[in-house]
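Below are structures written as structure tokens.
After this come two complexes, each holding chain A, first together with chain B and then together with chain C.
After this line comes the complex of A and B, so read on.
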């Protein structure tokens, strides 16, 4: 029992300490802004968890970042760094809105799954481009996914300005956003079933996201495909030697990763936003997804509490602002968490040093280094 | 009339290329030594912000330029610690710097000026041509009217970067460390020290690039003003095959695309501006695929170096 607890601690200490440091640095910034950190954090958690509607609003924020977190996690598991979640999200969002408009004659229960599939395929296609370039030509996926992010953004802007603009389709005045997703294609709101959710925007997408997390856990740890993907991620040469195609699994992992980020875009469109705006900036869900995956140790089920944490931060910032504290604090906390996770070896050095001292005492040789939990993740 | 439009487009292309070029040269230094710098964008945000803040405090834009370099170094040292000493993930570190820069500058904006969005306009800027004499040149004289000190600086730095990295012993060390750190270490080159120096230089250059955007262009700091230019610089460096001269060509090409995008209407060009904006990114992917001469990264780019302690 004690062994098991110790084991769990050695796995969980990295994200837990990272989060703690994030909040500490946040507290320093709050002090610098001349406010009381305790008041600020009370406001933060009150704003995101104190009532059923605010919990609902937090869950609404959790939905897309849980999916982009899962997207990043499956990439990490295959040794891939998909920072293209942004672009995959954008491409899926615009495809979903377009399809929702042109297929609105379909009945609701066929249309919604169809649109979600469109989103998955669009995001998967966008991720798959980087996947095939990596698999066939060894081109670094980090650079291609960054380039594809911005390509997607401008492509989406073009479509919003021309083909999908209300001016083109409905003949109204030109607008900075696309046509609006028709009623029949929208996901149900929880407040329509449970009135206690009040003003909150949480929709059925949260159940889809949670379901997908479980499916991804099953896929990664209980299927041959998952075994192969993890094999390639741990050591692609060894995997190749064992008869696992590293090219095939690299492509598949990028496709699935893109598909998940795409599903986030799709669900966000059908759940609340209902339209795509022209924008000069990337939406940011893909980057938050990276943080979610890292704090969740690239484990699909670990992504759930991690996404909840970032959802709380995002939703609570408004309440904090009402209490007179700059809302940027929460963004600083998130960034510091990421900085700390990136430097996870700081922790490793600490624990290695501790082990060394212990062993010196016992007169033993140095043991094996602590596993790199940053991207390799845990089982 | 036509030649006037052409000159205007060329002048604005060069001006738009300048911040990209400064940051791309920073990228060349860092990646030639083996450290991937995704954080260029974030360092530019820091440079843009702190140059404006210090210009406001002192009333002298050159102090702002120095501040941009200093805070560029501070941001870059975060990347250096994580990727060199802690052997952490360089991509995560860079992404973290980008997020941190956006959050911290917005926070400082709130703290110092009690508003969000943008700072007030600076009392001093560097938006005019420092070499008035050049404006007297017939035909192309009007070109120089638009050139800020940053333009001259960036172009000079292309030669400096080339000379330092390819013509000096230290430059050879840098490239050796980026290609094969173990071999470099064996012959007595300090891998960590070389990488640290290069990452800090990339901080200086990306900081300058940020200052060029703020006090060198509009004279204020606005949230989101960098808007992906750090990533275009990254693209330019890859497009230019990790070489200063190549980066110069790439930046001028990308600058020309944006200049045409801005002035398309004045000469009746009918290409959607979004497609022109896409050019840098698509072109970079095409170059990576190897359609027009393959771009290959330094061999040890992105890999932490673990010293054997026997």
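After this line comes the complex of A and C, so read on.
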């Protein structure tokens, strides 16, 4: 038991220290800007956690980034850097809105799961393209997913301008957004059940996201699929030797990863946004997901507190700004946390490397440093 | 070996006194005393990880000692780096050659110290070539300065490395495991060259873990074990058994007991197999052989003659470009690795870090790799970790894997224990055919003993074993039949009983069986030591 706790501490101390240092550096920056860090942080936490509505708002922010975080985590576990969470999110969002419109005749309890499935499949398909290219032709997924991000965005913009525009469907004046998700397809708001949540936008999607985190944990650590995905991620040559197809698992991991990012898009559409806007930039949830996965050490359950942290920073920044402190401070804090997590992972890898060099062993290059260390021994 | 009467024998060129080198967590060298006399060949003998290379890296300036002193010609020196060592006249030839493949010999040798003309504006290649030629002739190295490195043999490349050190004015030569990549004939040639060098007044330190080389090449031998010197003695006063015992710390059996046995039915039949390497060139060019039940067939050869591609194709890890593979009569040509495993092939891979183990995963998880999806370890896609840990415990006990528990990462085990874990995993399948690719590479004598015993056990249980090895001792020790591979083709198959190191050596260099028979004679001189 004691040993287990010690082991857990040795794994957890890294992100905890990183968070602490992040807030300390943030404090220095606030001081340098001529404000009081205590006021700032009080405002930050007050804004995000002090009342039930503000907690609700924080949870609303947590929902999509927890899912994109899980998406990035499963990619890391398979040795993949799925930077395409953005595109998978976008393609799922537009698919969900379209399906919601055309299938609004379905009853609520069938329609919602159906739409979430559409989102998962759309995101999975988008991720799967990169997966197939990597598995069959060895094309680096970082490149293809970045390209697919923009492809998805412009495809989405095109659909919003044409077939999904209220002008086309309803004959109204042309607008900069798609048709609106009908009432029947929307996720329930928590405030409708518990009025205490007041103005906050938190919706039932948070439970879906938490449930998915548990499912992903089970999948990664308790199933043969998870064993194989982790095997391929840690050492694909040894995995192949053990009869594990690295191509198959690469594709599956990319599909699941895309599906999770897609689910984020789908839930975001059905939970609050209800429509897709024309946009010149990517929504950013996919990128935040990468940070969540890094701080969560690529562990599905670790992604929960990590997503919560980023949710708090995001939601609290408004209150901080009201207290007269620039909200960019939160960006500094999250950046420092990331630098420290990623940096210490590199250090850890570096010291491993040194040991290995010392022992004069050969053939020890496996995966990338970040993935090596994030996926190590957390269960 | 005759005692050479050299009157300056007592002049000490190098003296290392009480050298200690501490790495975080380990003491690589502990109060080591070592000396080198002028004109001698001094072997530094020890197992992998005993600290012999560390000691020499200190002498060559690659590491700094934690404490202790080095004397060169009686003067205390502080060797801050390889350049300082070279300036003193200490040269080192590493295990892995440091040569530019598409440069000529001369270009490689002058690299970093190029002769020039036109006040340094132009490389003076003629001068370089003639200088290199001169050094080569002086020491009888027979190296052509104009040959391109990628065209020459490994043995020759090694001589180029030696030449490089001599060109820089080395008076003391350190050779790190120089024979690992050579055929027996090349090793003999090297022995002659080294002799010649000592006659010219050079002093040589030879790092090795191979006992036979010690006896055939050296004047003195220092045995090092776990960072400490066990003894330094004159080669002529010792023998293989004594050295082995000193090296390992206990008595070891160097030959295995094999019982005579009639092989059974054909288990593996390979017909006209062709495999391409990563450059899409034929690495295996139409190989055919059979392995029978209760038989060990060894594939012997110098590294890089198609062994790796052959094994990878047999196990489904690379594509087969032509021919047929039958396992117990079933066609498994081009089957995926999982199909090959299911058909009944166990595989001890050549590279245990790259192929054999997922180093960052736990030992228990590694011990089910390959049958992780089968009951009792998994049912309907869900893993049963209780069964997996139990399985781990059982195998650890049965195969004597030294580890704190089954939950540590595979990477934290020593090489020998990692190999034991792989063997445990593959034996658990009880495969009709076991393919063992260099199963003892990098292992110490104790672990080698274990691996050999287990392989022979498999043979005794009427299973087929295909052994691919670069170590001739191992091959001759274990195999019923030996197929020698050269440039992707089997040049001949000889009976294990008739094999001598000479014969195998001739075949490994591409000679035919007839040539080997003629030249190799009937004496078994290779087996005596």
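To be clear about the criterion, the second predicted complex is superposed on the first by the 342 of 379 C-alpha atoms of A that agree within 3 Å, B and C clash if a C-alpha of one lies under 4 Å from a C-alpha of the other, contacts with A are read in each partner's own complex, and residues count from 1 in each chain.
Just so we're on the same page, contacts are C-beta pairs under 8 Å (C-beta built on N, C-alpha and C of every residue); 3 or more make two chains touch, one makes a residue touch a chain.
Here the structure is a predicted model, which is why all the values come from computation and not from measurement.
Undergrad: With both complexes overlaid on chain A, does A:150 touch chain B (first), chain C (second), both or neither?
TA: first
Undergrad: Scan A:239 for contacts with chain B and chain C and give back first, second, both or neither.
TA: A:239: touches chain C, not chain B.
Undergrad: For A:158, using the defined touch cut-off, is the partner it touches chain B, chain C, both, or neither? Pick first, second, both or neither.
TA: So A:158 only meets chain B here.
Undergrad: Check whether A:17 is in contact with chain B, with chain C, with both or with neither, and answer first, second, both or neither.
TA: neither
Undergrad: Quick one: classify A:167 as touching chain B (first), chain C (second), both or neither.
TA: neither
Undergrad: Could you say whether A:224 touches chain B, chain C, both of them, or neither, answering first, second, both or neither?
TA: Once the two structures are laid over each other on A, A:224 reaches chain C alone.
Undergrad: What is the contact status of A:272 with respect to chain B (first) and chain C (second): first, second, both, or neither?
TA: Touch status of A:272: no partner.
Undergrad: Touching chain B in one complex and chain C in the other: list those residues of chain A.
TA: Chain A residues touching both partners: 375.
Undergrad: Would you pull the chain B residues touching chain A in the complex into a rising list?
TA: Answer in residue numbers: 36, 38, 78, 81-82, 86-89, 91-93, 95-100, 102-104, 106-107, 110-111, 224, 227-228, 231, 234-235, 238, 272, 274-275, 277-278, 280-282, 284-285, 288-290, 297, 302.
Undergrad: How about chain A: which of its residues touch chain B in the complex?
TA: Touching chain B from chain A are residues 29, 32-33, 81, 83, 133, 137, 139-140, 142-144, 146-151, 154-155, 157-158, 161-162, 280-282, 287, 290, 294, 326, 328-329, 331-332, 334-336, 338-339, 341-346, 349, 374-375.
Undergrad: Can you tell me which positions in chain A touch chain C when the two form their complex?
TA: Within the complex, chain A touches chain C at residues 222-228, 230-231, 234-235, 237-245, 358-364, 366, 372, 375-377.
Undergrad: Where on chain C is chain A touching in the complex?
TA: Going through chain C, the ones touching chain A are 23, 49, 53, 315, 317, 336-338, 340-342, 347, 349, 351, 353-361, 365, 369-370, 372-373, 378, 381-383, 385, 409, 415.
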